[in-house]
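These notes are about the structure you will find just below.
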Amino acid sequence: MQKSEVETRVRESFDRQALMNTLGAKLDIVKDGEVHIRLPASEHITQQHGFAHAGAIASIADSACGYACYSKMEKDDAILSVEFKINLLAPAAGESFLAIGKVIRSGRTISVASAEIFALVGNDEPKCIAVMQATMMRIESKQGLNG
Amino acid sequence: MQKSEVETRVRESFDRQALMNTLGAKLDIVKDGEVHIRLPASEHITQQHGFAHAGAIASIADSACGYACYSKMEKDDAILSVEFKINLLAPAAGESFLAIGKVIRSGRTISVASAEIFALVGNDEPKCIAVMQATMMRIESKQGLNG
Amino acid sequence: MQKSEVETRVRESFDRQALMNTLGAKLDIVKDGEVHIRLPASEHITQQHGFAHAGAIASIADSACGYACYSKMEKDDAILSVEFKINLLAPAAGESFLAIGKVIRSGRTISVASAEIFALVGNDEPKCIAVMQATMMRIESKQGLNG
Amino acid sequence: MQKSEVETRVRESFDRQALMNTLGAKLDIVKDGEVHIRLPASEHITQQHGFAHAGAIASIADSACGYACYSKMEKDDAILSVEFKINLLAPAAGESFLAIGKVIRSGRTISVASAEIFALVGNDEPKCIAVMQATMMRIESKQGLNG
């Protein structure tokens, strides 16, 4: 199936987020108002106890929230994170992590999204290990930013 | 000067946070209730516009808050992030970034810290680009975690 | 139908929250892990533009989150808010407001809940005007607090 | 001493916040970028244990943050809360509470403020019982809101 203009735009922007590549994160599903990002567990993203660092989990959740909002914007808009808040519900232990970001409100200037982050182990039921609530700002094309 | 037991303990724990090494972050000052972490700007931590990704900034701020609280704990305690919230005040542009975490309240179970994150360019006045408010939980030694 | 022990306990505690009465808030549905609180719009809870003040909306959302978590606790436990974060999605205009709090994670010490707050006007579709993410702490009975 | 245009504007707007009157809150100091609001302890703002309800504390902190930002805006601007996050550091026990809101960043569209909330008892050292981090949005005069 052909990718939509929105999906192409989100994927191109994601590919420019070098941090995602550094962490090992991959863009999974891109839908209208919903974006999934996967992060394999690996030694280089750990904290002191061997779990994934809260910052790594927050990074993919922030990107998932941002791109969920960005999927609702116009072609020439850019987006910046205003703020986000994350609750860590359980240690980030698993084979991989999946952040699912969804738009709650898409506004002219301010958009709000939430994310759930799941730990995945084999065929086990995904376990929700963190939840995020994030505020994003649309930057109009004339500001010289892209994506 | 000899390092204090607290500083040694914080530095050993920081060295086990592989994510800090992956991002390029270095532990700078460790004081009682205050911890500084530095992150040089580099291509591999960027977002789509070439600024440092909010997740990279949040990662060093979370660690600075966590270690500020950890510096107030006992030798055998461990610490986990319960939640944090970060406001991004300006795009993360600069030669390096400095997160300064300070304990606001050190409790038996719950501790609260805040961090300011500055962008540094040459000898310019440091510019505050983000602020964090974070909640940490002390895990007693008997739980089998360390640091 | 007879009220459950949990519902009775939640209702007795709510009745001791004098602020709820001051605002005009009523406890609506109490289920296992989910609590609804209603607040009629009225002049005495407004902000400067005549909308309900964000603090009034936050108050019922905090109580809804707290009691959702409390519904999962033991008879002699007490509960305190550790922190909460609320996004205001639209001005709080309507005939009444409904905060629906749901437990996300119920832990031994720390519980996490989220709330959606809706504005109600006649038979219109409820409009989500705010979302909250909150952290609660269980206080064991021996600490001398009740409810 | 004559009140400044800013102080007059803040005070007029505060007087239209009926919730502040309902809670018993008074506007204290108004400076450029800093606003103090006092709330006497009283039975009608309590939660189930007799402490001031977190929602009452959040209400004065939100207003203190909002007016701190508003003090930096233009005469015809209005202001709305985008979101806020509050950590409750200790039970809100005392004779009165003082919320001190300060601007962290005053932007064209988005402003960020923080607040500390203190419990006051006689001549005792004020005790910090809560900290808030808040995001505010400037609404240009043409939107039909005032203050």
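General observations
By letter and in written order, the chains are A, B, C and D; residue numbering begins at 1 in each of them.
We adopt the following convention: contacts are C-beta pairs under 8 Å (C-beta built on N, C-alpha and C of every residue); 3 or more make two chains touch, one makes a residue touch a chain.
Just so you know, these numbers come straight off a predicted model, no measurement behind them.
Among the remaining chains, D is positioned farthest from subunit A, on the basis of C-alpha centroids.
Comparing chain pairs A-C and B-C, the larger number of C-beta contacts belongs to A-C. If you average the CA atoms of subunit A and of subunit B, the two centres end up 22 Å from each other.
With each centre defined as the average position of its C-alpha atoms, the distance from subunit A to subunit C rounds to 29 Å. Computed centre separation for the pair subunit B/subunit C is 33 angstrom, with centres defined by C-alpha atoms. The set of subunit D residues touching two or more other chains comprises 82-83, 85, 87, 112, 135.
Touching subunit D in their complex are the following residues of subunit B: 85, 87, 89-90, 104-105, 112, 114, 128, 131, 133, 135. Considering their complex, residues 82-83, 85, 109-110, 112, 135, 137 of subunit A touch subunit D. For subunit A in complex with subunit B, the residues that touch the partner chain are 13-14, 16-23, 43-49, 53-56, 58-60, 62-63, 78, 80-88, 91, 145-147.
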